[in-house]
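Chain IDs A, B, C and D follow the sequence of writing; residue 1 opens each chain.
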Amino acid sequence: MNLTLFLLFPLFTALAILFAQNLKQIRSIALAGSLLQLGLAVKLLLAYNAERSAGNKSQMLFEYIQDWFAPIHLQYHIGVDGISIAMILLTSFIVVAGILVSWTMETLSKEFFFLLILLSLGAYGFFISLDIFTMFFFLEVAVIPKFLLIGIWGSGKKEYSAMKLALMLMGGSALIMVGIFGIYFSSHTATGAHTFDLLLLSKMNIPIEIQKMFFPFAFIGFGIFTAIFPFHTWVPDGHASAPTAASMFLAGISMKLGGYGCLRVATFLMPDAAHAYSWLIILLATIAIIYGAFATMMQTDLKYINAYSSVSHCGFVLLGIGMLTQTSITGAVMQMVSHGLMTALFFAAIGMIYSRTHTRMVAQLGGLLKIMPFISTVFVIAGLSSLGLPGFSGFVSEMTVFMGSWQNTDNMYRLATILACASIVVTAVYILRAAGKTIMGPITNSHYEQLTDASWNEKFAAIVLISGILIVGMAPFLLINLIQPGTEIIINKLGVAINH
Amino acid sequence: MSEIPLTHILFLSTGLFFIGVYGLFTRRNMITMLMSVELMLNSVNINFVAFNKYLYPEKLDGIFFTIFVITIAAAEAAVAIAIIINLYRSHHSIDVEDASEMKY
Amino acid sequence: MLNEYLQVLKSEWLLIAIIFILLFIKVGSKEWKNETLLYSINFLLLLNLIAGYFYNLPGSLFNGMYFSNDLIFLQKNILNLGMYLVSLIAYPWLKEHKHLLEFYILILSTLLGMFFMISSGNMLIFYLGLELSTIPLAALANFDLEKRKSSEAAFKMIISSAFSSALMLLGISFLYGVTGTLFFSELATLIHGGPMEIFVFILILGGFSFKMSVVPFHLWTADVYEGAPVAVTAYLSVISKSAILFIFMTVMFTVFRNLEPQWYFMIFLLSVLTILIGNLFAIRQNNMKRFLAFSSIAQVGFVLLGLSGVSKIGMTSVIYFLLIYLFSNLAAFGVVALVSATTGKENIDDFKGFYKTNPFLSWVLAIALFSLAGVPPTAGFFGKFFLIMSGAERGNYVWIIFAALNMIISFYYYLRVVKAIFMDQNETPIKTIMVPALPKLAMAICLLGIICTGFLSWIYDAIFNLCNF
Amino acid sequence: MSHPIYIVLIPLIPLVCFLVLGIFGRKYFTNSAGIFGTLGLLTSTLFSLSTAYEYFFVSGKLNGVFQKIEVLKFTWLEFSPGVSIDLGILIDPITVMMLVVVSFVSLMVHLFSLGYMKGETRFATYYAFLGLFTFSMLGLVLSSNIFQIYLFWELVGVSSFLLIGFYFEKPSAVAASKKAFIVTRFADLGFLIGILVLSFYSHTLDFGVLIERLTTAGSPYLNTINAASFLGVSALTWGLLLVFMGGAGKSAMFPLHIWLPDAMEGPTPVSALIHAATMVVAGVFLVARLFPVFALSDPAALQVVMYTGAFSAFFAAVIACTQTDIKRVLAYSTMSQIGYMMFALGVSKYNGEEGLGYMGSMFHLFTHAFFKSLLFLGAGAVIHMVHSNEMKDMGGLRKLMPITHISFLIACLAIAGIPPFSGFFSKEEILMASFESNKLIYAVALLTSGLTAFYMFRLYYSIFWSKPTDSHHGHHGEGTLTMKIPLVLLAVLAIVAGFVPISSWITADGNAIHSSIPITFSILPVSLAVIGILLATRLFKTENELPQRIAIQMGGLYKAASRKFYIDEVYLFITKKVLFNLIGKPAAWFDKNIVDGFMNLLAKLTAGLSELIKGYQSGKVQDYALYFFGGITGLIIAFIYLWK
């Protein structure tokens, strides 16, 4: 299974889009491309399972190494384990849905779809690469498309939001860059050369004081991408101003890049520092969870509601990582997947509502269930899954995080866990507030009554995401079995860190 | 007659140099500024010649250098004057204060 | 023997040949159409560029005053490439210009000066090359004779460059006084870090910094860039800068090698200042050329950072970065030159809504700016990353973090322009511009360079193998 | 075991109904949905009945003791080795009983709704939701794993949310549904943390193993969990109490009861199903499920259960006397009866004869399910006719709706504990148990039973008597046949359910209890009940102003009771004032101004700085030269001072 296809497919899709004539061709090309990606991702999953069941115990599968910048020992090194496959699947799901919901993008459609595909390219590249440099490269590839997508096709104070998002993410990458250099120059392979190679780096033990110096850079840097408190303010504005598909990509995919990075680069390569700083991570995560939830409660704009709830939910990811137990880290990964799906679904629903009613203000909406039952159902499903209802993905991931977090016997950690648990009540409050006002209740605006329900593409998009949510929620063991081996390795590294 | 020590000459050249610098900083007239620059260049020439004569008489690097400096200074002056003349056409003044539109 | 003189000096001979051809055409009575002239000249330059890759004979002449090796040939080729691109993007401006022959004669003679400068083995040659590459530029800066700004720029340039070269000469003279030689190779062995040598070094460093427009020696840059014709600005900001950086590296790494600990410290101060001031000024510019001037100043700060890791990697990264920088900056200037030549508009505000009318140019400009900002997948990312990396090797993380944070600021002002182009509304946008063939070619080459140079690692490897550190 | 195949089907059939009706109902089952759902449920009811038969008469006993039988189990979500959510089916007496109760009552409700909900636009959706609820409830009672029970617990909550909010155009309904969900969610938080605590110490989530590990004296798990303590209370107590908190939330125990009365906004059959018979007793079921742990290892927690139950019972009874909305009266009576079950568990012990309370509680749960759902369905019929919940709009309906009247009366007698109706027997067991263990509780129980009789007959009279029959209600009759059948069936059960030999089937330790209650013991409670009834008769049989006068006499107390002792206001204060204004608003403000403001401030600072230094580029070439020179000197100075 050649992983480079994950780069080539989007690339060719994008190029094809450049040569397309009209919206029809463009979007059909984009959809075809994304469906191909989805197929490829599924194929990858199957191939992976086949390999594993064939007893292939190696940490990464389908590895491919190609010297790139020989003088500085920079390689194009790709490979996947369960975690990255989960992420790739997530990405491919969201890409399909995102393209479907922006089916009728009239303005500058060519550029729009081109940038979307480029964004997905960055995500895929990030998830398959096993070399910090290439990871960093792909991480940043995604920044510019975000900026343009928000700034050109956005709504509201789009320029401001776009600029803010771009700058804060750039700040994140700047920190990451410093962290990467720290790791690179403290690494010594057998030949004494430095290396960016993730696997080689994970084999060698970086001196603890160097870890302590550079862990914050790497972790906070990636953390900014996943909205770590207090660097989360790009999230609300960015998501709120972005066009629907872009919001889905932002919340669904690119916030996950951060979490994945925190796990793969910061925690995995610098375990001692991870232990040393775990209290800080947990503190920030807990603040993000609680405070994000309460901030959400006060929002009046649907997109802001979802954006802030994303802050709160991504807090679970960081919490899971910070707790440093296998269960919690597994939970963190699951939370990434599930949050990606459900927040994308949420944004899709909001986008559908907005495109019809032209408002996102909770106060101005009401009784939509009568007018557009399908969309409302989607909205409710998204809401229920984000408040962690069993059967949807939110439940299993959050519960896993809680169970894992509780394994730390320290009272402060316990307190953090309890607060995190408490947040699901607050989540219920704001989700029900939003749903109760917009979906239920009397119809506020008479001219809503002749609005139409979802069109086929919107339905398709929603169903794709919902099916993802349900698969994770109904059969979590599939996801767990996928992730476990990956997290196990990370945990072993962490365990080693405690011992030596 | 007793030989003039090197230091004297260096003092002279240094003085000359800083006179040039001072002139460049204070004069408003562009031509005068140009002359001050020439002054500085000449002080450098004196340095070269002096060093060559006193310290390394066996080679002639300094002397050659001086010749080249003089030549280039001439070229520079020529171009500079040309520019100043052109500037006078547009500004109707060769006061350096007037040539400060582009700023910040 | 003669053959050696021919081959080692090949690049110079070629330039001289072209210059003489142009001179003959000039003095010749026949009237040529600008079009034909431009096409033929560009063709000649293309030949010159291609010829630069063949029959290169490393060697040293004039008993060591002039020497050349593969790296220097590479550098000359880079400069040739830049020259070619500049002349391509100058096309819309020169089409109506009646003095285009003079323009080429002057600009090629500055290029000749640079060639001599970068392959100089002796302070004298270096000085000659420096002046030869400066004085005609001052004239060029004034090439739009009727423009007020143009002449002011030229004046500022000639005066301050004269001043700087005077200070530098003072340094050189003292150096001569201390060591008694002007040959790099001998100087390298004779300098041991005595106070006088440090003083001399600072003077010479000042001279270099002036040319590289390092803060606080940079002040002429913005004004000259703004006043000079766009093509000249492009030439200044890319080619003369690259040339001076090449020779600066040689001087630093060979002549003042023994002062390395001292100059590392000074370079640190200068670079920090340069990055910060450059960025802070760039934020508030509205004139496109002035903005690019300050951005290029900030870029030089990064180059110093890369250069500070005194290593083969560092040297490679600097040259590699300069190559990429050449593509990016010339692409940007290409668009600006075209726009200012056709509409006379040079302000960022004029570019609002540019995308509506000129999508192609907008993309070129945007991609160029992204590359300058150092965002993947453009090559600028690789260039900047490797620069900072080679700086980081010294473990001076204060510097690294500072640079990293400043990247955010630079990111801001580059995006500001992109925002103006793509997002801002404008009721009177620049009208749709028909892109002539030659500039289009230039942009194509630049885009190709911006996209590919990063991914084609063999370029980096090649430079690395040439670097004789 | 011969069970598995169709036991699995019992919950799955309703699920299928839900899926089919939920997805296609709106299009294809607009009218047939009811039939579809009802038939589906009929099958599951039959299956559960046969299961009950299988269990109680054929294969449940093993040398005289009813076994806990794990029918099947597969790992659904493994947290860490040993600790995993297994979806399984656990069969034991209470499960079987609950199976029967839930499926039967649900069937009745399905049937009743055929008439009651006829003509609803979202008829199919309604049945879909009913299916969902039934599935979750059955899953809950079958759970073999504490996390599995939590999972279905949440599902039950959400389906109740959906059903309460079924009339989603009514803001009050929406508000009620939100309230119900959020309050129970809050309680479930306790449950969740309780699970975390228990599972952490017992290293399992499986009921069997958990109970086994936490009850066998001297087992390492038990020792550690007792050793670990927080705020001076052992971890075990914490865990059990937190779990109980969850139970209290679902079972509307004080002070988490506030959602129940509002939940009456839902369609009345739904109230009959969810908020009378099944979901609200989930808390009791949960405590019963963990009863061994409570009883054997942690009497302290059991005390808490007891007192909470007793207080709620009395408290609710008092409020019930003052309510005028008939469904609210029933709601409070439900709360009070569940209080009975709770403290019955509380007073009980584990072994043999001492397990009387446990048995009584289960018995009462069983009987209560029938007569309470009967009451609700009756009330539904009444409301269906009168189109109002208020007593004042009713009266003298006995002629117009005889069947409803009779069945309602039976139910009232049953709940009042008049022999030989079913309520009598179960209540006796409970009173007996409390008498044996705790006199205070016994007193409260007696008092409550008296009150119960009183308010139930207040209700009864003010619906069916008090006013002379006016015929303007009579425009349509008592309702369709499908509405009558359930009433009759349930009425029959309300009479005979008392004779089911629960005592020999459902006991804490599985051994039958052979205690007979002396007739002398029954005199006191029965007479109290009779007094209550007579009082009600005097006050409400015919319209008179006596009640008002008494109300005025009682003054503040009455007012307070009728305002439900202002609990709602307290909650409102906490949520609105504290959560929103004291935490939410500041958080939002802080985020907008401080955190975000800081980012913007950085930008402003940079811009300001660049503005500040712009003069440095003065445009005068001489200044440039000067700075140049300054740079040189600066470098020299810097070098001299900073270097080394």
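In the analysis below, a residue touches a chain if its C-beta (ideal position, glycine included) is under 8 Å from a C-beta of that chain, and two chains touch if they have at least 3 such contacts.
Please read all numbers here as calculations on a predicted model, not as lab measurements.
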{"item": "Pair of chains joined by more contacts [C-beta pairs], A-D or A-C", "value": "A-D"}
{"item": "Chain centre separation in whole Å, for subunit C relative to subunit A (CA means)", "value": "42"}
{"item": "Gap in Å, rounded to a whole number, between the CA centres of subunit D and subunit A", "value": "37"}
{"item": "Gap in Å, rounded to a whole number, between the CA centres of subunit D and subunit B", "value": "98"}
{"item": "CA centroid of subunit B to CA centroid of subunit C, Å", "value": "27"}
{"item": "Shared-contact residues (touching 2 or more other chains) in subunit C", "value": "155-156, 159, 163, 167, 222-223, 284, 412"}
{"item": "Residue numbers of subunit D (touch at least two other chains)", "value": "603, 614, 617, 619, 621, 625, 629"}
{"item": "Shared interface positions of subunit A, touching two or more other chains", "value": "167"}
{"item": "Chain-chain contacts as defined at top", "value": "A-C, A-D, B-C, B-D, C-D"}
{"item": "For the subunit A and subunit D complex, residues of the former touching the latter", "value": "164, 167-168, 229-230, 232-233, 291, 294-295, 297-299, 326-327, 367, 369-370, 373, 384, 388-391, 395-396, 399-400, 402-404, 406-407, 411, 417-418, 421-422, 424-426, 428-429, 432-433, 436, 439-443, 476-477, 480"}
{"item": "Subunit D contact footprint on subunit B (complex, rising order)", "value": "21, 24-26, 33, 96-97, 99-104"}
{"item": "Subunit C-facing residues of subunit D, complex", "value": "603, 606-607, 609-611, 613-614, 616-617, 619, 621, 623-625, 627-632, 634-636, 638-639, 642-643"}
{"item": "Subunit A contact footprint on subunit C (complex, rising order)", "value": "312-313, 316, 370, 375-377, 381, 385-386, 388-389, 392-393, 395, 397, 400-401, 404-405, 407-408, 411-412, 415-416, 418-419, 422-424, 457, 460-461, 464"}
{"item": "Residues of subunit C that touch subunit D when the two form their complex", "value": "155-156, 159-160, 163-164, 167, 198-199, 202-203, 205-206, 209-210, 215-217, 219-220, 222-223, 262, 265-266, 269-270, 277, 280-281, 283-284, 409, 412"}
